[in-house]
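The data blocks that follow each hold one structure.
First subunit A sits with subunit B, and in the next complex the same chain sits with subunit C.
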Partner chain A sequence: MEAVKNKTQINDVDRSIYDIKDKVNAAFKTSKGLTFGIVNQISLEKNDPAWMREFRQKALKIYNQLDIPVWGPSLEGLNIEDIVAYVRPNTKLQLKWEEVPEDIKNTFERLGIPQAERTSLAGVGAQYDSEVVYHNVKEEVKRLGVIYTDMESALREHEELVKEHFMKLVTPGDHKFAALHGAVWSGGSFVYVPPGVSVEIPLQSYFRLNAPGAGQFEHTLIIVDKGASLHFIEGCSAPKYNVSNLHAGCVELFVREGARLRYSTIENWSKNMYNLNTKRASVAKNATMEWVSGSFGSKVSYLYPMSILKGENARMEYTGITFAGKGQNLDTGVKVVHAAPNTTSHMSSKSISKDGGCCTFRSAVVMGKEAEGAKCAVSCESLMLDSKSRSDTIPVMDIRNDNVDIGHEAKIGRISDDTIFYLMSRGLSEGEARAMIVSGFAEPIAKELPLEYALEMNQLIRLEMEGSIG
Partner chain B sequence: MLLELKEVNKLPVKTFRWLGANKLNINEVIPDIKPFKRVELTGEGVKDIKVTYHNNKESENMPPTGMGDEAAAFICCHKNREMTVTVPRGKKIIEPLFLSYRLDQENPALAEELFLLAEEDSEVTLVITYEGEAGTPLFHGGLIYLMADKNATIHLIQVQLLPDGGIHFSNIGAECKECSKVNITQCELGSSHTVSGIMADLRGNKSELTVDTIYFGDKERSLDFNYVINHYGKNSKSDMKVNGALLNSSRKIFRGTIDFKKGASGSEGAEGEYTLLFDKNIKNVSVPLILCGEEDVSGKHAANSGKIDENKLFYMMSRGLSEGEAKKLMLEAWFHPAVNNIPSEALREQVFQYVKERLNHVESL
Partner chain C sequence: MSEELLKISGLRVSIDNKDILKGLDLSIKKGEVHVIMGPNGAGKSTLGYSIMGHPKYMVEEGSLRFEGEDITYERTDVRAKKGIFLSFQNPEELSGVTLESFVKASKTAVEGKPIRVLAYRKELGKTMESLGMNSEYADRYLNVGFSGGEKKKSEILQMLMLSPKLAILDETDSGLDVDAVKIVSKGVEAFKSKNNSLLIITHNTKILEFLDIDYVHILVDGKIIKTGDASLIDDVNKKGFQNLSLR
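Showing the complex of A and B:
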């Protein structure tokens, strides 16, 4: 007899907190579109040094020469001529929370950012539209010599350090949206951890895009010097509008010899957002890079954190989950280049698609001639909750050395009736059994996150498993 | 003449351009394609089938092929051998049919089109071998359509043992109706450039497809594969196994796609690709895709690359074999499961002999 296949109702992520729109009260914004004039205007507005002004113009030239990706989800709904590249909120950067204007403060209060700062973070940066409105780092962390500031301040106060690293890892020639970023970037965070310093509690930057039809192009530059360690958390959200918003941020991470960096992201952009973000890490000898990534929001995402393992024994770990619901096409994954002996990488990805959502896991593993003794393991699991949805797995492995060990595994499927049956035979209701299986599916990711983020993620994919059958 | 094909072995969905894995561009000088000597089907079962030597099939009624339309059009345009084999309804042909092509100075280029139709409830096994005279530039291009009607079974075994300098491509399109089975075994062991594409549409409910491939790359050899299995029918099943070895400066790209179309509920697809690596200068690219538009399916893929297991090597050496001998023995064992699909003792022996011969010339062993 054919087993009766029941369905569990899994609700969408509850976005009510994120969707509250604030009145747009911008002090300054550029006109829509992208021209040399607009880029120049941003540069003047931000009082860029001459080299940065020149850099922006060069990047715009490259942007105009490059085409949009021919692979990946459609970008047809994104018209750069309709995007406002720069929106300055009506406040200056504040170092005290009390001085942040009431409306902006309320937004971040709702998102729980100041509370998290008090309880579990060593420092916080908050960006509202194109500018960072609040940045603070705990005294004891500052005393260790750790620099944690907004990119604009870093450009003034640590100009040489910024100049040496800025868009050197992700160059504007990388792809069209990296070039766009180079031309109009604004805001973001800069972190420098001196040699041997271990920052025990995480730093966090939160990016909020409030203005409709705007783009956010924050730049995050982190240097973890020899033997140092850091956990950096990035959170992003925006209210939903009827027009497209664009996020083309750039994250450059330099993990020096023997250092360790964990970079965690919970992305919860609204479903009108095109999230075309570029993240890259350069990992030196004996250093470790860990990516933890949760992608829940956006209409379209192109997100593939890349690690270049350039020093002997460098390590990379990636743990990611993607949840795509109605109207979402989330193309996420990971890239790694093994460019030194005995480098190792481990990638574990999970995805859940429901209600017409589309998840794609896309990866690239490259092992060069120098990667003697390198090891790589990729594991990828996808769960389809209905047949309106899609789930694709597109990995590539390019190996140019015989002395390597590489393994790739992928599985795709639905919740198995046998597993449900087993759990029900142990006394669980069918609804409870399904809830347990989905929670268990996401568990390996949840346990990598700091507690309050794991809670947020669980809230996001708690999935309100009501067990409604049929 | 120039063989120029701009877009072959295309991935069903594109990925990062910098990896160069989305498609293959062929630009090779091949011997002129002139009339090729007549080659007949042999084997006990020939009397039970219908063979014609002119295919008048409308290409739009043919299933799509793994290498794509451009490669199919090239053969349609230049074919110098063509054949339609029909296995009548209800005929189960136990003894295999053989088709053996030998390319030489007189017949250096073969562009073959083969259409194999297994009617309802029939079964057939077809073994095609490609061999050639060493020291002569040779070309083989094949376009093979496999159509399995309801409850029919087709076993296709291709053994490619062309000498160095040969250029070989095999372009297959298969269609499986209800409860039918198509099993394809490819032994891609020879020629300097090998390109192989299979596209199979599992249209019928409970239809099945298996692919069992072995390949062997040494010297400057290049191999480019594109296998695409489309699951349309409910409870359809597919299984791809690809085992290969790369030595010297050989390079290989394997694209394997399982595509579960919406409505293919209850289907299962599995793909396993294992590559043994022997030298520093090899290039090994694997692209195992699973595309899924149906919830109630189970898809799995696994890909592994690496050196021969050192423990096994050590064990065999402790039994008195030299390192080279042990490696050769393990390589033969690696190829065994696919070679065992060949339904002829003599041909199996010939394949092993061919591999041995080739291994004798490998300095690193």
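Showing the complex of A and C:
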């Protein structure tokens, strides 16, 4: 198989780990719940320091105590009794390219992604070029004193930094899946930008998709020190396919005084995925946190990036788009806590639902007692492409200071027949006309993305829309 | 004898089960300029929409032929590709799509082959200049925040860029000041050639002062009640539509 030949150093290491896994799986076959033994085994395999091993055990205890959330989209399709299957998928089930579903293969084809990259994007193999690019980027930013590495290496090489921040912002007590993450996390990215350093090229986690276990329970930890700036891009718009269909990642972002961080995500999991990702940022005095988010894939999503504006004049901006098609229930939103004077937040969300897809946008704004002079503006716009689809907006505001300014604006629309007629009178087919209208609706988000991602997003919209016309 | 471009025979069109066009005949040959005049509600815009194939306008009877081909039930985009263009009275706004990229997509669709980007940009810039449009408009979202006059210019710009065989101008002159009418008329003049035709729908005669007109049709209550040359315009201005229909 082509993909095997392309395997890199890291993947070879992978192999041996998987071999051990096989044995483990057999040994724990009778136990369906997540046990201390399994978590311990993960910890041993990863060569965790003692404190991390303890941390995992503590998180497991919390996991076993917490209930599954019932306030959002149904998680019935998740077999929580057999959680081990998600945590430790049997290596025999390791995916082969031939087994990747046809629709995903087609999407690669139509997105024009080179053959060599497809296997890697689908999560079934390694991609040599990406590795090279990753190493090059690493070298380049290293000269600036930036640390950019995977979480496992960070744990070995920068243990104190990791220990000081790891799951301090998102604690295992937050919810059941945060606890699960704490117990079984694996892979992910670690970035530290020293004071005053501005990283000009965006760093992309996409380069290292092939790290062990990445993409299921990966942990991202980013610290942007005083006055520094960084743009980090997570994921890729091509679909990622995994045998196991639970994703419970965790993202923790620390934006120090006067620093700036932009965190962009284009998420396109395959449509059997339960995406229960937790993302949080702590934003210090005069610092800026910018979220750019595109959610296209997965069956069910619970995704609410949260920002805690804890220093004076801290700012948060969120620009996001959600596209829910047939069988998708994407529950997204933004949380912001204004915990200091003159903090500002601005969120702009767009959602598109079609073929019975369901989009929910929850905005939760907390204005603390200290938030004197704080400002918040929320705007959400939904586009429903047919009468079967659904779009909800759920704003929640908790205001404890009289001297704040909050605005909320919500709009729901449909594509008008007259607009389609106008576009068709200019030679566009109905499908092309709809795709153009939807791309136009998504344009404010595309504008915020690096060009290649914006193009890929537009291409993705076109594919989705063409599919709906038949 | 010049070739027939559009032939409408016995056209009956309804919208929401209400009859609007009640048996209309019209024949347009290549190189001709036709004007449709008539009071409000006579069915002038319906005629434009019907030729372009708006799905809400139901053809109950009769036929439309374009270059000899029956297009009565053809899709709108197919008609556009065959060379029919409608300049809208109230053009739609399209957020997130710039005028430049829209016209490019449209030109690509109509011509059925990829267009050369540089040549296209140059042509667009020149055409915009000829219409007195600020070049900034190319990067603005299509018709979003355009004034009434700019929207009409944007329509004429699209007509010039797509160079259709038949251009239908639906009240293109309405809401324009004298200077804008002059500019739009100049654009229409520039478009005019032996090989294409114009159907100008108006209830106003300002735009006609700058154009050579072959035929004027008076449309009242869904039927053409009178056809004549340009002198008919003066009659309308003097007597009004009602008196014309009584004669």
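By definition in this document, the second predicted complex is superposed on the first by the 333 of 470 C-alpha atoms of A that agree within 3 Å, B and C clash if a C-alpha of one lies under 4 Å from a C-alpha of the other, contacts with A are read in each partner's own complex, and residues count from 1 in each chain.
Just so it is clear, a contact is a pair of C-beta atoms (placed from the backbone, for glycine too) under 8 Å apart; a residue touches a chain by one contact, two chains touch by 3 or more.
All values derive from a computational prediction rather than experimental measurement.
Once the two complexes are laid over each other on the shared chain, residue contacts for A:401 go to subunit B alone; subunit C is not touched.
In the superposition on chain A, contact is made by A:411 with subunit B only, not with subunit C. Using the contact criterion defined above for the overlaid structures, shared-chain residue A:50 touches neither subunit B nor subunit C, since it reaches no partner. Within the superposed three-chain model, A:425 lies in touch with subunit C and out of touch with subunit B [touch as defined at top].
Comparing subunit B with subunit C, the partner in contact with more residues of subunit A is B.
Across the two superposed structures, the residue set of subunit A contacted by subunit B and also by subunit C is empty. Within the complex, the subunit A residues that touch subunit B are 5, 69-71, 335, 362, 364, 366, 369, 382, 384-387, 389-414. Note for the complex: subunit C touches subunit A at residues 52, 54-56, 75-77, 79-81, 85-86, 88, 91-92, 94-97, 102, 105-106, 109-110, 141, 158, 162. By the touch rule above, subunit A contacts subunit C in their complex via residues 416-419, 421-430, 432-433, 436-437, 439-444.
The part of subunit B that touches subunit A in the complex is made up of residues 13-17, 19, 21-22, 246, 260, 262-263, 265, 277-307.
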